[in-house]
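Sending over a structure as structure tokens; questions will come in a sec.
Residue numbering begins at 1 within each chain, and the chains themselves are lettered A, B, C, D, E and F in the order written.
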Amino acid sequence: MQSTSLNEEFRIFAGTANPKLAGMIADKLDVQLGACNIDRYPDGEVAVQLLESVRRKEVFLIQPTSPLVNDHLIELLALADACRRSAAARITAIVPYFGYARADKRLGGRKPITGRMAADLLEAVGIAQLVTIDLHSPQIEGFFYGPVDTLTAVPTLCQELRGHLPPDIVVVSPDAGRVQLAAHYAQWLSAPVIVLHKRRKDGTQTEVTHVVGDVSGRACLIVDDMISTGGTVAESVRALLAAGARSEMFVAATHGLLLPGARCKLQHPAVREVFITDTVCSQEVPWPGLHVTSIAPLIAGALERFLADGSLRDLYQENARRPATNTATKRYGTGILS
Amino acid sequence: MQSTSLNEEFRIFAGTANPKLAGMIADKLDVQLGACNIDRYPDGEVAVQLLESVRRKEVFLIQPTSPLVNDHLIELLALADACRRSAAARITAIVPYFGYARADKRLGGRKPITGRMAADLLEAVGIAQLVTIDLHSPQIEGFFYGPVDTLTAVPTLCQELRGHLPPDIVVVSPDAGRVQLAAHYAQWLSAPVIVLHKRRKDGTQTEVTHVVGDVSGRACLIVDDMISTGGTVAESVRALLAAGARSEMFVAATHGLLLPGARCKLQHPAVREVFITDTVCSQEVPWPGLHVTSIAPLIAGALERFLADGSLRDLYQENARRPATNTATKRYGTGILS
Amino acid sequence: MQSTSLNEEFRIFAGTANPKLAGMIADKLDVQLGACNIDRYPDGEVAVQLLESVRRKEVFLIQPTSPLVNDHLIELLALADACRRSAAARITAIVPYFGYARADKRLGGRKPITGRMAADLLEAVGIAQLVTIDLHSPQIEGFFYGPVDTLTAVPTLCQELRGHLPPDIVVVSPDAGRVQLAAHYAQWLSAPVIVLHKRRKDGTQTEVTHVVGDVSGRACLIVDDMISTGGTVAESVRALLAAGARSEMFVAATHGLLLPGARCKLQHPAVREVFITDTVCSQEVPWPGLHVTSIAPLIAGALERFLADGSLRDLYQENARRPATNTATKRYGTGILS
Amino acid sequence: MQSTSLNEEFRIFAGTANPKLAGMIADKLDVQLGACNIDRYPDGEVAVQLLESVRRKEVFLIQPTSPLVNDHLIELLALADACRRSAAARITAIVPYFGYARADKRLGGRKPITGRMAADLLEAVGIAQLVTIDLHSPQIEGFFYGPVDTLTAVPTLCQELRGHLPPDIVVVSPDAGRVQLAAHYAQWLSAPVIVLHKRRKDGTQTEVTHVVGDVSGRACLIVDDMISTGGTVAESVRALLAAGARSEMFVAATHGLLLPGARCKLQHPAVREVFITDTVCSQEVPWPGLHVTSIAPLIAGALERFLADGSLRDLYQENARRPATNTATKRYGTGILS
Amino acid sequence: MQSTSLNEEFRIFAGTANPKLAGMIADKLDVQLGACNIDRYPDGEVAVQLLESVRRKEVFLIQPTSPLVNDHLIELLALADACRRSAAARITAIVPYFGYARADKRLGGRKPITGRMAADLLEAVGIAQLVTIDLHSPQIEGFFYGPVDTLTAVPTLCQELRGHLPPDIVVVSPDAGRVQLAAHYAQWLSAPVIVLHKRRKDGTQTEVTHVVGDVSGRACLIVDDMISTGGTVAESVRALLAAGARSEMFVAATHGLLLPGARCKLQHPAVREVFITDTVCSQEVPWPGLHVTSIAPLIAGALERFLADGSLRDLYQENARRPATNTATKRYGTGILS
Amino acid sequence: MQSTSLNEEFRIFAGTANPKLAGMIADKLDVQLGACNIDRYPDGEVAVQLLESVRRKEVFLIQPTSPLVNDHLIELLALADACRRSAAARITAIVPYFGYARADKRLGGRKPITGRMAADLLEAVGIAQLVTIDLHSPQIEGFFYGPVDTLTAVPTLCQELRGHLPPDIVVVSPDAGRVQLAAHYAQWLSAPVIVLHKRRKDGTQTEVTHVVGDVSGRACLIVDDMISTGGTVAESVRALLAAGARSEMFVAATHGLLLPGARCKLQHPAVREVFITDTVCSQEVPWPGLHVTSIAPLIAGALERFLADGSLRDLYQENARRPATNTATKRYGTGILS
């Protein structure tokens, strides 16, 4: 792939939520990030100005909607509005971490489905396609009318994990909703899956009631799509130890939000190492034992394939050993990537 | 509620998928079903003609999109088109069983999200609101832009179940995806929850690998949102017996599709009784041990509240003992009904 | 036109309504049909999976919405949904026979305009353009917001007819609504037009009341856009014979639905031969005297011109002698094809 | 019906195309026309200001889009924009004569379908419903997504005609496209139908080639949906006389556009009387023998039924003897009015 | 107006941007604010739950999009999403201060028009109508498709000002863009208008170059739509003093954003008193000389008229002396309120 | 730029409002105007037929919506409808003069915002982009959802003006709303700005109350975006002379509508020369002293840049000396062109 020809075809602009990741993606593609000013007026209103032409060019906007989620979301919308009004040919939002994903249902409450609403807002400003990573639930793709490419960081994280994990590791899903994610890790790591059953006692506290599978004397890899306050990890550690697991725990998650206080919870004596990616700029200071693997090669690889009008089929085989067979089921099966 | 005044305000039309249920709902509301002809031309095209005016009236269309799903779906759309063109004030689709609900994600495959597509089609013809029962996943509400009222048949079924279940019953979720449903049953029945962990071996076969919780010597109530081929039930029975459960099984599900062959699988010696509702006209001949409870009072109760512009809050308290507390969680909590 | 370069630019997928026609179109274009699985779940729900990438490619979906019309329509919609979500650049539906076309008006009845509704559904899933053949009424194009290319099979059928018709043939329009179609045949065959005036006696029976023009001793070519039950043909034959026509009748129609029973009605002793195209897979077993001419070259020719961004102006001149002048009228005139 | 209560519920505004008709409709309903200024700036731009509140009121806008069609169309759109922005609850356009109706197809030409475009424009400004009279083709209803009530002036005109026609009258359709309209007249007048077959020789001249049915010595009522230049009538008269009709002709049409020169063509010695309605302000000076029957009672009657949320079923039975039976056909049948 | 009947018809919910104002509006209407929880998850995502039914009720959402503008905007959108999904009949946003109003043009820059974008977002979630106060430019109404009621605080502020101003006051427009606003004040205060001509030297500094009109020895009332940093006021004071104005200045503005530092700029020795309304919760601590007049009676008055389906014509005459004549011009004229 | 390659890529069609300008633009681009028939039926309805294929081609439609504004607007819409239905790839409207631009606000009146409505109509028929010149207010861009390129004729006019103006010229804004335009002229001409303050006395008369800046003995260039009736110019001349200006006036405006009577008002003894462009075909006969500069090179230059997917940044530097610096302000700044 020649960078010069690519450079003529598209522009990548970065919002302010994760400029470092955007820069790394651009580097991988051997292009410059599009020049633009993103600023705030004294009253906090977002000010955007593109400093180069996007006329009839394909545009990629890189912006995780991580905290400060509303600011980052509006900024992304304003960037898209600027691109559309400047006659961009097509606008794709690259949202490595998709905020409001957990607000994906109402369960009879008089609540918004803010995840769908975020999709509506993106489509309202003319964003034609979404690229994201490890969505909280796979149904969220259906909140969009347009195409969504949900990449997964699991192969990337497993590549990193392999050198650190003991051979008898088990993959732990911290609740019933993460079983599919845990199975994905287990597939790449050739390890068994353990499932915790969690029951919320009330609005703030959860209690793990069952550990499904035998963990006695085993080292554990607790996996999740995101680490927010660290509460889920802490509770899982407690339950696993109580069930006889070896005091040698590892944690892996795609999105390391690491809200204030998370570090403290993650630095439990049993937790050896924590692996996250750089989808978001986390608010905690890094510490020894925290491994941050960049997702930039993955996203850059996807963009290369998009720009070549190609399939993502071989995206994960480049720098990760892919498991032998992928048995697509009739209705539920994970499939071949588009 | 006076039926005469109601009768002036709205019209209920029934498609051909479940006219009996529609008739019962109308009876409960003490109104007549709207007169209309629904027919097929010799080439199979749907022909619809309303025989009474819907001008500026609120219209409810009752049609589960059960098999023959495509015929029933197009018929529903054509009914709505007829109502819209005849100047109906507002069209609500009452779809007790929402077909294509399981096609709610792509998982990287180049597939449609047919559940979202069905929502798009309903909205394309002007259906403003959906009333449905026990959706396969709660995120499907987010496939709609407009309001969705998802009722639940669990209290109705539990009311029926109470007289038949032994006191030491456990509620069994046949896989990780039904835990929330099983918990709902357990809440109404004051019984513990057992979870089976299922792994699909390939496109057609599943294998239950774990029984979470102690079932030895206990009678079991296997619950699911729907019974389609009966395969899930059969597999669950096998696993529960293998785990030492008493050979006294009960099955409950909202939607009794009962595809050809299902009866055979459900008439296992260990299965004492099967409880379903009448959301769909099932294709199997009924048999002793199959209890069909009508959902008509529930839907009629919801419509009464709609027409009085009221809340559904007390919908389930009418003829069912509701559990004491409903601890709404901050993010995930089942809430107060709208 | 080089097939290899074409092959890079677009993909053609076939629904299950007429895979043979789709295959012939692909052959003519010297490309392979796109690989995809189209299946049904046990409950009859449509399952679609594309087996090759359509990312940023132009996609053509070939599917007549012939019986089973609702299944074929939903299948087409699901294919389009899959293509859109897989980031196809543009989706064109090739619907050789457009079901629900006769449901194009309400005439004061409280009915749907199902033809318009079908257009709405196609547009709701992102189909950008329609290619179809010999629509029942030309106004149906106006049911679509996007471009519609209505091709005609008349030149193709006339090419085939020329070798079989006696020289004194007259072209018969079976009712006032087909006069324009009959005139088109007459133009290609240089024959006069005869019009039958049909009056429906009631909902099921029609009565031919007038034969406009002199048919005594003449052989007749009865033309129509479609043959469904064969009733119109049978009635026309009776009226023409009563008016003194020679017992040497021919029948030509674009769409040979041939519903069960049609063969019986068409095998009247006076009817020598019946000419149809392969727009639909008819449900009758073929018989001697039934000529099926393939429309595949016509559609392939149109696609070639589309892909070369060209006009359809010379589409019919390739393998058919076109009449000398085409006198466009100011308001009603048949025009130059786009 | 009490005018005062009606007056609180809705407002009727008249554009400038036919204020006299609007005034008569308001009189029939015993209400005042809504006060508004409609003016032109010196540069010809339309200026509209409503002088009374329409907040949350139902609004009816009366404006035929007769010549000057573009001015009248934009004026109607601007009125609707003003009403929508002034928070009207619902806007219905009453367009007795729907301009651009004849531009309802493309026939392969690279032309607009201006009839559909006009529908798109009306819907683009928020007009929710259309009321119109004797559309040129019934498919035009399908150009609208929203409800269309197409009234017919035939009973009104027949009521007027009865006193003037000789008993042996035949109803003449001037071409194949008006057969349904002629049959409607014939039904009300209990007279036979005669059909002329017209063939256009070129863009400007037509030639009548056949008179279907026996007219020898009979008086004729030539009917059409509109009289524009009068050319069709003149040609029909010539053909009927040539076929032996009595020199006692009558003409009836809903829309009397009567473009300059039409009077001259209609004042043929054989033409005794011409009957039109007041859907448009015609541009010709009236002459003896021209009867203009007001359509205001018909429209007022429809509005009364709308406002009472009722059916139009009995609309034509008020002041006109309706034929005994209305045999609805399965697919094509004229039906019961909505 | 009876509060009980009103209370049945609608619900007012308040976002968190200005709950005090919302409470005062509810008090004026003698109703309770709708009960709802608005909260933030630990990651900053907005959580909304309505605690009472809005089914088929009219809903008013009160939320100025003042700083923190993005949080307040998303919160408003989420409230609307919750109401729409809970089947509210109609949602009106009352946005006393409309953030992003100044981003209403691009001037050739590759910028968003964020004011239009905000309108798009409001309409994307189903907000049907906007009520706002003293928009930065009147064209912003045209950014909305639906109805916008722009109220003005000028009469309210003038009522307050009358007791404080010396008789020889002049009304000062701080730049050419505020002339119309200043004229409005002058009309209510019967005072002359002075216009300052401002030229921006660069992005942060402005320079007043001309004082149009005679200010020598006069007291001045500087008016603006909003006070943000206070910079415009400070610069105007300087210019007016330099032009010989008396050191007795007053300031009036509808929206008192009063960003940090504004108080300091406004407490110039020549500035006697500052008058603002409570459209926003300003971030500065109040000080002597700052008068905050509540806009709640104005908004409540408008809502009363809305709910009575009435005109706003007499809105300002209730508690303020309105100038005698309001000469509407043909094109530009301020008009009668809708 | 090679014309042949360009010719393959796009088509330019001209409406009938200004065919001469369209021809000059085509000449500049070295292409032929697209062949099409635009005609009127006898009843005044617009008839459009494209005579060459636009399939998958980019289309530019050139049509100022100058008087007869409604005819020209509908014609433009019909052209776009024809192009869309003929499968044009993308439709850009080049509307050098945008009619209804002054109807951009409601000011509390129950009026349409006809400028926004015109934008809605253009978007309703599928026009994807607008190119226009010197809009009446910059906010009008926000009436469109799609991209708008507002070019300015000021550099072109200034190039022409330079040879005619005396060195001591001042640029006069005839009212507060044109200050920004006057500043733009002043920037190109290195001259000071004078502002007139105008007050409308009533609907038809205005009165200039102040002349801001010193004009004594100076020659004046009165600038405006358009000259309609000439009234504003006449009033400005009167006021400037009264303020002591030299009786040597020049007038410059982009759009020379020159309604009947305008010539008379402009031929005041003090007015030496009048400069306009050819955006519209004015209705007045030209006179000595009226200079019409063609805008065709500017539009052609923009189109060249569009077709090369490029920026307009250097558009004005080709044949006009551009001022040295363009200090973009943070919020209000004129920017770099897209």
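One rule holds in what follows: a residue touches a chain if its C-beta (ideal position, glycine included) is under 8 Å from a C-beta of that chain, and two chains touch if they have at least 3 such contacts.
Note that the structure is a prediction, hence the values are computed from the model and not measured.
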Any chain that touches chain F and chain E: A, D
Separation of mean Cα positions, chain E and chain C [Å, integer]: 62
Distance from the mean Cα position of chain B to that of chain A, given in whole angstrom: 34
Approximate Å spacing (C-alpha centroids) for the pair chain D, chain F: 41
Multi-partner residues of chain C (at least 2 other chains): 47, 49, 51, 53-54, 85-86, 102-103, 106, 109-111, 113, 116, 120, 141, 145, 330-331, 335-336, 338
Touching pairs among all chains present in the structure: A-B, A-C, A-E, A-F, B-C, B-D, B-E, C-D, C-F, D-E, D-F, E-F
In the complex, chain B residues that touch chain D: 39, 41, 47, 49, 51-53, 55-57, 84-87, 126
Complex contacts: residues of chain A adjacent to chain E: 42-51, 53-54, 66-71, 73-74, 77-79, 81-82, 85-86, 99-100, 102-103, 106, 109-114, 116-117, 120-121, 123-125, 228-229, 257, 259
Partner chain B, residues of chain A touching it in the complex: 102-111, 113, 115-116, 120, 137-143, 145, 150, 176-177, 179, 195, 197, 200, 202-204, 210, 212-213, 327-338
Interface residues, chain C side, partner chain F - complex: 129, 141, 145-149, 305-306, 309-311, 313, 330-331, 335-336, 338
